[in-house]
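Labels run A, B, C, D, E and F following the written order; every chain starts at residue 1.
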């Protein structure tokens, strides 16, 4: 029996389970896998965080350095977000520059940070029109078992929340914490026809007809949406997704605040 | 019957026609296809023109911005010509950086503009050694049915003739028309052994043994020559090409001046 | 009989010869092929040398130009070494950016120059923190018959020894010879199990289990080592290689000094 | 550089005089190109967009072939002269993301299983950009696919809705896009009303999102009418509903 | 920028208090990754290194296949945030050289002929770099190969020795590396003591070289013990020497 | 930076003393390389050019194969140290254009149909550049093809003619090229006199063009003699016309 046929049978099986509201790993439709967040894991970075969602694992490092502002925003800092899907993390990742998936992922993570005004960019101006702080958010995927988006977004904001501006290294006085104004949380759901599953694992991601990532700011407002995949969704289903996602976003936010607020912060090692 | 054999038969047919001075589309040997020139088609560009020669269609946009001069010409503006053979225009065009054909095409168009001194480069100096105007001539091929060279060259000079230097946008006073000192016209001919055909269409281009592009300035002087293709030409044939080409160049020049001189200029849409 | 089998038989043959201390081209184990060194072969370069070891031939050109120093060495000149294994030199060289072999070769050559302090980098400071001399050492491989490393290293130091700093061209007074403080000599040996052969030719390179390049400075001290290839070497063998290599390095150094010291220096043509 | 206007809504009207739910003028030309198997030129406001479709045709390189269905490729590309500051040719990260999600939107309607081992290539050139290029590109691509005779479950029709001065407005102008609070491009399959494309940049409340989605769908339906008319103008004799 | 310290050896001790022949603390975790066929995480001083092995698996593109043996690929890669100044993603010349010679060191023990036409892929990510990353990477890769069940003639164990203030010291710290006189990374196959990897930067006399090589081999043997312990901790029940 | 001289023709003579129709000194060495199937080294004035030919040999990748004839590849490449300011390695737009038209010139004589499915690769390295490198490269390539035994309809011989101070002169020097009014490289197939290569930069009248073409052809014929002598010096015994 060839791979295609097996895949087809497996797909039918998962859709049938879904019809009964069940998932292959036994989770409820609106249940995330186990989430672990560790911060300050990379001492060479200005901020860092490791996030595990089930077997999915990403490491996010934030580096800062002075640079020239864009000419149309002379008094604002610059955020550059990059995702490396290094081949260590999955047999399907190839060495080389980011492909369309890695680029989409980086841009969705970036969008959440940017549109929620998580970082006060004007506070990053060193000298108007000449020098501003550049923030590099680098997401390094270590283990890919689905839902890289939520893990990366969570890692990015966690890393930013623990970032110290390296003033000293560049002769600008003492290091100071980066001010965070809003905490965007991304929640990804997958469409299985009769069911919406949150936090799809790798197999679910391959089989679902489409995914939607909704990003919510601290007061529950939207800070970005991305539909991905070739499925179609009717309006009712989208409203349904909004409801589920906004609820899960609050759970994740509490989880995150719990970690950043307590002693886990100084843990080392990844 | 396979493609190679059909191609071979078709080639014989066209060469046999050529022996009688006839062409597959019924044109005379020295007859251009219908030429249409529209200028000011892209409002975001400093100058623009769309040229159709038969079904061949190119769009040329001119953008200008201040930049640093080359160190060996500190008081001269800079012209950069690029051709994009986007895959929309032909099944044989691939996405990616310009290949040798696109590069040759860009360089031949550039050569005509440059060697005829069409643009007074010294008038583009803003501050000697520090800042000069850079002119980007971008040829965007939309539909490829042969003789992209003449269409691109015509589009480039037409776009330049309607270019306004965007002084205002960069704080240098009012916009002023770009001064054009010479109007180079490229004429391409194809060698069919017993016959020279002007303005080869796509099929003729593939079958001819070689093409010659001759570029003439306003007083009929040469401003560039390029032989392309693996044919050989004897001296008499080259003299013959000179005669035909210089005559056609005058026709094209009149056509161009007719368009630029009259009300078509402000037409919109492409 | 297919290529693989022929190669296997040939390999056995060469290893059997080696067991008797013999080589396919009749050389002794510790014998270099004929070495020819010519300097000042490229007048456009600040320094140049052509080196032939048997049929292996490389051309090295040194160019110098002012540039910005690295921020952590504000008063030191910069050396950049590049190797082009152009496809002219071997059927196995492909057009394109340097592959891992060319990069390794460049870095080994660079290491010898750098670690031996062959060039007094501090003497190349023009204005601290702002402008220093950059030295580009470009190795152009012309004919590849094995042991490119020793030929390239020899060519690089020979070219540097004949380099004149082009002060005049950049308005810094008269041209002056580049000061050379140490003469690194690379000696490459190949492991054939029972035997160590110096200066492996192309076939020997393919068949040996590993190669070691040892670089020695003027007082016999090490200035770099690189093991390459997937063989293993026991400690005694490494000591043996040190002994052979250091002896050959002295021979090569004398040869080099003989050439640079005498009238061959102004020879032209390559 | 444009100056940021003090307000984008003045006296209940937008700066260009449009009503909140009003599209910019749209012009659609079916089949302007000769080499392509299908093509469409759209002017949407000051956007000028050309789309071409090639295929179904053979896949190169072969290892990309799928034995059960056609692959679909989509390339959104901006001409260097299409924007205020010349854009360097070649795809940037933004173009790559837009191409991916646009391709997926069209894959949701193309009957790919009709053409195993082949490719359907969709190329869209933004010749002039003025806010809303990705939806204009999708609209042109959709018509070009129809012009090429590619079987589809329905036409994809796209439109964006945005938020400016705390007001939801349809089809953002360049100014509204630059200084607005949110932009949400949407595409639907007109015959079913299902959503095939959805992105949102900026911030809006959940309540606003619901209203915005409805407005966008209405906009898409207006676009669908124009696409249909343009196709009927060319292929009118054949189908007549 | 660190200031160059006046001396690197003070009162017969190194700045971080280590003896001349003392390694930095090393922590080895076997199999931390789920997708990879084998993996290993190593902290060596402040270095943090993750290695993964995939294979034996099919080779793409096919023309790279070898009919008599597996090919081995090795990728040493630094994360952008692993160093003081952010590193641009992607391989630089240094990484390419390190990857080549590291691959060759591992090829010296992998029984490649067991897996014709396939590839064994070794990926190492330097998550934090602090002198000695290439040896830490080799050590992690070697354990990851074992964890993946790739048959080998022996484990490769690596360690570097350097020269600072005219003194030979084992396992250079970042400061010793920056301001030292020589650095010599070495890898051995522990069960035979043969050398699989050898590089030297800097200058030392022939006499020093001999002593340095001995010190490095001793260091490699210490590393080997730690690798073996880590593997036994995971696979302990199976083999018991 | 050279200073522009006031005049390039003084007292009816060129700055380097040559007559208007006089070539620079040319030296041709046949077969200097060992690995290549054929090779040629040419010094033409201060130009130093090395050409190598490999083939006919198998084509990689296979999809480039032509079933009825050999493909021909030509790579014109400048060494980084060949020019005043170091050139970054790798092909630039100029090299790509020169390579294309040079390849076509040689394709006009190579009997490609003798070697279906194979490739004939011509590589030319400009080791020192001093005006007229593309013609020197073509001359060297042509001899290297003969040295490799590739069957040709005739040797390609190339030479340029230029216009300086309103005077037509053969074989421009670097100074004449930098400050002249036109440069026209030409290549002929010597036995038929047909033109295989023709480019022109600069401006000249139609009358001047005719004269320039004649001068160039004369120059090509002089080059042909030197090529023929060099080949006879190596292969003299075999053919004797």
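What we mean here is this: a contact is a pair of C-beta atoms (placed from the backbone, for glycine too) under 8 Å apart; a residue touches a chain by one contact, two chains touch by 3 or more.
Source: prediction; values computed, not measured.
**Q** What are the chains that chain B and chain F both touch?
**A** none
**Q** Moving only to chains each one touches, count the minimum steps from chain C until you reach chain D.
**A** Steps on the shortest route: 3.
**Q** Name whichever of C-E, A-E or C-F reuses the B-F interface, so over half of the contact pairs are the same residue numbers.
**A** Matching pair: C-E.
**Q** Taking each chain's centre as the mean of its CA atoms, how far is chain B from chain D in angstrom?
**A** 32
**Q** Between chain D and chain F, what distance separates the C-alpha centroids? Give it in angstrom.
**A** For chain D versus chain F, the centre distance works out to 52 Å.
**Q** Roughly how far is chain B from chain C, centre to centre by C-alpha average, rounded to an integer in Å?
**A** That gives a centre separation of 49 Å.
**Q** At least two other chains touched by the same residue of chain E: list those residues.
**A** Each of 1 in chain E touches at least two other chains.
**Q** Name the graph shape formed by the protein chains and their touching pairs; answer line, ring, star, complete or other.
**A** ring
**Q** Considering touches as defined, can you lay out the ring of chains in sequence, from chain C by way of chain E?
**A** If we begin at chain C and move next to chain E, the sequence is C, E, A, D, B, F.
**Q** Considering the complex alone, what residue numbers of chain E touch chain A?
**A** 1, 27, 33-36, 39, 41, 43, 46, 48, 50-52, 54, 57, 75, 77, 79-86, 89-91, 121, 123-125, 127-130
**Q** Sort out for me which residues of chain D touch chain A in the complex.
**A** 1, 67-68, 93-94, 96-97, 99-101, 104-105, 107-108, 182, 184, 189, 192-206, 209-210, 213-214, 217
**Q** Residues of chain C touching chain E in their complex?
**A** Against chain E, chain C makes touches at 4, 71-72, 100-101, 103-104, 106-107, 111, 115-116, 210, 212, 217, 220-235, 238-239, 242, 246.
**Q** State the interface residues of chain C toward chain F in the complex, per the touch definition above.
**A** Contact set of chain C toward chain F: 42-45, 48, 55, 57, 59, 61-63, 65, 82, 84, 86-91, 95, 97, 136, 138, 140, 142-145, 169, 269-270.
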